[in-house]
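Here it is, the structure, as structure tokens.
Labels A, B, C and D are assigned to the chains in the order they are written; within every chain, residues are numbered from 1.
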Amino acid sequence: MLQPALPPPVRETGTLAWMRRNLFSNLWNALISVVALVVIAWGVLSLLNWMVFAANWDRVWANLRLMSIFRYPIELVWRPMASVMIVIFLFGMSAGLSKDGTGRIVRSAYNWMMGFVGFITLVALFAFPSVRFLWIAVVVLGVAGFWLARAVPVLAKALPWLWIASWFVSLFFLLGVGGNGNNPTGLEFVPPNLWGGIILTFFFSVTGIVLCFPLGIALALGRQSKLPAIKYFCIFYIEIIRGAPLITWLFTASLLLPLFLGGIRPEAIIRAQVAIVLFAAAYMAENVRGGLQALPKGQREAAHALGLTPWDSMRLIILPQALRSVIPAIVGLFIGLFKDTSLITIVGLFDLFAVALKVATQPESKLIAGGIVRELFIFMAIFYWFFCFRMSVASRQLEQELGLGTR
Amino acid sequence: MDSVVSALAPTGGQTIIDISGLNKWFGDFHVLRNINMSVNKGEVVVVIGPSGSGKSTLIRCVNRLEEHQQGKIVVDDIELTDDVRNIDKIRRETGMVFQQFNLFPHLTVLDNVTLAPIRVRKMKKSEAEQKAMYYLEKVKIPEQASKFPGQLSGGQQQRVAIARALTMEPKVMLFDEPTSALDPEVVGEVLEVMVNLAKEGMTMIVVTHEMGFAREVGDRVVFMDAGQIVEVGTPEHFFVNPQEERTKSFLSKIL
Amino acid sequence: MASRTARPSSEVVPWYRNVKLIAVFAQIIFVVIVLIVLAILVFNVSRGVKTLGVRTGFGFLADRAGFPLSESLIPYDQNASYARAMLVGVLNTLKVALLGVVLATLLGIMVALMRLSNNWILKQIATVYIETVRNIPLVIQIFFWFSVLLVPSLPSGVNALRFGPIYFNNSSGLIFPWPFASSNFRHWTIWLILALVLAIGVYWWRRRTLLRLERPGNPFWPAAAAFLLVAAVGYFIALAQSRFPENLLVSLDADRGRVNSVLDVNANGTVDNQDTPYATVPVIVTFESASFEVNPQRRTEQRKEINSAFAFPSLRKSEFEEARVEFVNPDLNDRLSVHYTGFPTTGIVYEDRNENERFDAGEDLDESTGEGFEGNDYKLVLFIEGFKRRVLTERDGETRVPRFDSYENASFERLGPSPLAWSFPNFPTDKTLVTGGATLSVSYLALLLALTFYTASFIAEIVRGAILSVPKGQTEASKALGLSNNQTFNLVVFPQAFRIIIPPLISQFLNLTKNSSLGIFCSYQEFFAVSSIVNNQSGASMPIFFILIGGYLIISLTFSFLLNLYNARTQLVER
Amino acid sequence: MRKLISLIAVLAIIVSGTALAQATIEQIESRDSVICGVNATGLPGFATVDESGNYAGFDVDFCRAVAAAVLGDASKVTYRGLSAGERFTALQTGEVDVLIRNTTWTSNRDTALGLNFAPTTFYDGQGFLVRGNSGIETLDDLDGTTICVQSGTTTELNLADVMNANGLEYEAIINEQSDPLLAAYDDGACDAYTTDKSGLVAQRTQLRDPSEHVIMDATISKEPLGPSVRHGDDQFFDIVKWVVFATFAAEEYGITSENVDDVMISTQDSNIKRLLGVEPEKVEEFGLSADAFYQVIKQVGNYAEIYNRNLGPDTPFDVPRGLNSSYVDGGLLYSPPVR
């Protein structure tokens, strides 16, 4: 006769039991709980009180455009928005095409993204009539991408190429080419010194991670090479770059790159981008090296034994596995890069942080007692936190999915 | 040593692997000492010996997974030198099966098997897949073709690895302790495949601890110790009437 | 290797197919390309030097810097060289990095333990802290600490927070008592060295004894005890040996509120510009009685406005015998009263309209005008009897005492010499400036706090991951052996986690050090910030680039070398 | 195909900028824009960006004046925000055509750094902000006071030099950042706050009650601020110089952007005729079109207009003209004759 399962004693379940176990398990714990609760309540209340009653959000609100696109011509705002549309559309497609484990992570990131975009659209609908249709288009395209991919699964093959192409198309839209007042067939050229704010923050970090990728892989392979000249060059490069802070490299690129190039003077944005890419490549190389080292030696040998050329075995066997295992680390690097973009203000570029500092110097902002530095800080902190936190969540999910980090 | 060398002479037929005066060092460690050996077409040579005796290193030298410092290795009339072309040719003509299988975990079984024929032999995809299925059937796992290696048992993985090597249609198969990493209950299925292969006349060099296999299939047994070939002989001769003291003590421990 | 002849080969392999030669050629080509690129860069730079007038060479380092630095660990003024300015920057970087590393590690371990604790609230606090701090750019956090938290929220100037002898405000920073080495420190140095040698000896001896006796125990404590004992005994011996120089001349200028200590080089008995400053002379200054006048005015405390507030130079209760505050205009003494917020030096003037002899809201405003009792009309005077204060002359041979508007019988007494001289901060007469003690500037604190909190969030995750990575079986095994919870953690879990923690911890330490270069965003004058100023002044961007990169590399490499040395040792000991 | 070529051309321009060998004026004409280096972080009243992304300020107006003279259109300016560290390098390497970024004219910068300074547009100098009721009026009244001063700048040195020279005692409260110092001053931590007068003016607006505070008359340093160009291109240097002089001269002659068209028709003064290009040859000697200075005044205005627009009584700053008045009003602004 099997003993039937009985419900646990009442004191083991329910809210009270939970509280006793987690908050008041002994006197010491109870004391900590009470003190902590009081401190938290006081902190949260005073922060909310400040944010709702004391803070002056008018200047932040009035400068939203400046902080989003800086001096990008307002009549051409559809162009950065077009880049957003492309990215959201592809995001939708990726989500529509994903099924398995890692796919679920893409799906949840997509849902989150659409929620965020939807929120912005709602705000735009009521407060920013000039861009409301553009934002509606973003939402529509995001959904359309999802269902299109569902309907035509063959697109999966094209997706990686579409993503790569999207970067070029975005650049094309942002920069524009061929058009001017007399020639309306092209897109009017918008020099990079007008770009800034959030679009620059995004463009800069995405470009950084995209461009540092090949260089980082090359350096990682070079560091693993049996040829001493190449190996030691790569070690030298990686260690020198990692030995000094990013800010010194930005400073170097800004001041000395024109000198190194013999009078050729790239735009400030390119100089900073070069510094970021060269810097990130060293860190990327170390991540990839981790993946390469984690790869069993037998994989390489098996590829050799089958007679694959070094190029083929690298391309087909080694890199796909090595890179897959370091995806979380690469996401981590991207988060770092995204945060580090705030340093380009040191070389006179206007990312979100720099624009916010500039907003604080406007005569109108100066007229507010105490300035609006706190409000700007809260705005920036929320912006960065929002994206970085979501990415780190995705990175952790990936880590679990790929079976890394579990021992 | 002269007696040993003479015993190594091919017993007839066409020589496909000829190793002479082979020496190899790992740093200062002399891992292969003056190895002379040749293998005839269709012959199955089983290499046994205690661990660290250089068995694996020897067969890894044959397809240049390890570089040898002195001596000569000729495979199918191609000498293994620093010449890239020769190395490539020899690798094409030899298939290798590893202790740890070394399947590519990110590719399906079918992709694992067709990869080299398509990339190296420049075979058409359909042709390669046809051939792959033929060999997968031969190792008795055609139904697993679309799975990933991680989803297979050890024995199945090792059979896929054998199929992968065979699909290149090599002239020689090298087995580097193919059953050592397997659970005892699945060792049999792998050995069965190897026995069949031997019966079909494949030239094989097998490094193994499976004495039963050596006795049943081996044409010759090579016993190595401390980087040298100690004794060579037919299985009957070797297991029943070993000549060297070292061989006797080894066999007494494992049999 | 030479004895091993090359493998004989039956045919000659063409060079382009020979794997060994291909490797050699690939390297040669690579090196040639690298050299060509380098040559182009060098050529461009040398051309740029000619056409653009860019400075090269390190000669500029000897030039006069000309700019002041507010924070320096070594003597520096604007007449010092650029090289010295850069050195000040490097030391400032180390100053923030070393303390930051220690604090971040402590905080990180604490947060990790909070996250692992079984108190739900603590766990949530730790999680929220980690997830917030590591997802916001560090530069914004530095900016936040400096421009949002510290500077506007701290009391300024005279409203400094006081905890005994410790002061804290937003213009000076954190000021606290600190011992300075006097010229007699050398008498003690020998004892310190002796103590150190002895301590190391005791450590080794104790370690070997413990090993021989096979007893558990920590050889550190006896060694520490030995050090303290010898150092303490040595201090008293050094104290007995300590002498002031014969020609030391100390003088009090009560009108200016100054105490000077100089070496009277020309032996003329008076202070003149030939005399050299002599630092760290402790002096007790006494005034038989004194008075001081101030105007009440509107002030801000904690962002709240207070009318009719007055503030005299701060005095400690132990420094005077008696004190009273009166209005200069005697008529006002009947009409108005004084409410002390800090007797006797700060308070509020009010009109006790409801006659409850207490200060009530609104009573600090004049009913007729609606304004405070402010300005010269309501001048207050502070009378004190028997003022006495201990001061220490600073690096420039000078220190400040309150400068009273009037006083009687000011005198001073020179205290005996000692190897270490304690300097206490004090408020001088000019209301606000704190002298004496040691100072941590607001910039330094902002950078230190931001770096500590940011890095600690990463360290916490490292520690937590390492502790979780110790297999549960280890805990179960040690519990089965009868070890207590604490013993399990201290003897079994933590030592194993520690090995995993060390390598990523090293990289976090290096990150913190490199991140200190963001000090430029809170105007902390570390290496990068000083280099930028030097670059701006001298235009020698090329050499400064090499100094900057080289400097950071040396700091990073030294740091990682020392830590890896330690790492290697702990790994060895563990096994 | 044409689009492809222009795409490549645009990318090439972005990557390489333009060659240094060309004369500045030719470069400006070929790219149809003047690249003007301005303050990157923003200096209230001198260079700020408003909500819709337009640059505005005193320095910015002189950028526009140069564009009006060279290209005939004041809007053809590309602004390049420069930090203090990179401003000189940017000018030396040709990244900007002209630097108009609150840069003090010093002998070292004129010689060693290879800069050529156009006439000073703003005579700045270090001054003091004190409370109106404090009774401090002259430098001597500062004896025995506490003064808030920014460190790491020449202001700190100037203060020390002047106070020592006059035998005055003072205590300095030092900080690198101006904001905390200003807060300290506002809270009564110091009796006076010192920095350049242009800065005092802007910062006074941040005090709780700006009207309680006054800027003392005393000026203890010379900080002449003006546009600068790099050595070696005299033609462009002349142009920038005379764009500034033209704004001085226009104020002196009473020409404003409003009345310039009328003046042009009615004037009998041959100086004015030459300035406005009615008699074209003098202007054309610069290599500019005859109406160059006319365009400056028409589109940007004379000095008084520029000043009042950015720093005058109708702005939050309200800086008294002081030295920055025309010489006829006792100031230092003086234009050589146009002949």
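In this text, a residue touches a chain if its C-beta (ideal position, glycine included) is under 8 Å from a C-beta of that chain, and two chains touch if they have at least 3 such contacts.
Predicted model only: the values in this text are computed from it and were never measured.
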Per mean C-alpha coordinates, the chain lying farthest from chain D is B
Of all the chains, which has the CA centre nearest the overall CA centre? A
Higher C-beta contact count, A-B or B-C? A-B
Go ahead and note the Å separation of the Cα centroids belonging to chain A and chain B. 50
I'd like the Å distance between the centres of chain B and chain C, where a centre is the mean of that chain's Cα atoms. 68
On a C-alpha centroid basis, what's the spacing between chain C and chain D, in Å? 40
Expected list for chain C, residues touching two or more other chains, is 51-52, 54, 147, 152, 532, 535, 541
For chain A, what residues touch not just one other chain but two or more? 251, 255, 258-259, 263, 346, 370
Where chain B touches two or more other chains at once, the residues are none
Could you please write down every pair of chains that are in touch? A-B, A-C, A-D, B-C, C-D
Given the complex, residues on chain A that touch chain B span 296, 298-299, 301-309, 312, 316-317, 320-321, 324
Using the touch rule from the top, collect the residues of chain D that touch chain A in their complex. 2-3, 6-7, 10, 14-17, 19-20, 40-45, 48-54, 78-83, 85-86, 89, 93-95, 179, 202, 205-206, 208, 315-317
In their shared complex, chain D is touched by residues of chain C numbered 51-54, 66-70, 78, 146-147, 151-152, 156-159, 169-172, 256, 297, 299-300, 375, 428, 430-433, 441-443, 522-525, 532-533, 535-536, 539, 541
Residue positions on chain D within touch of chain C in the complex are 20, 84-85, 88-89, 92-93, 112-114, 133, 144-146, 148, 151-154, 156-157, 169, 171-177, 179-181, 183-184, 186-190, 208, 231
Would you pull the chain A residues touching chain C in the complex into a rising list? 21-23, 25, 29, 32-33, 36-37, 40, 226-230, 233, 240, 242-248, 251-252, 255-256, 258-263, 335, 339-340, 342-343, 346, 353, 370, 373-374, 377, 380-381, 384-385, 388-389, 392, 405, 407
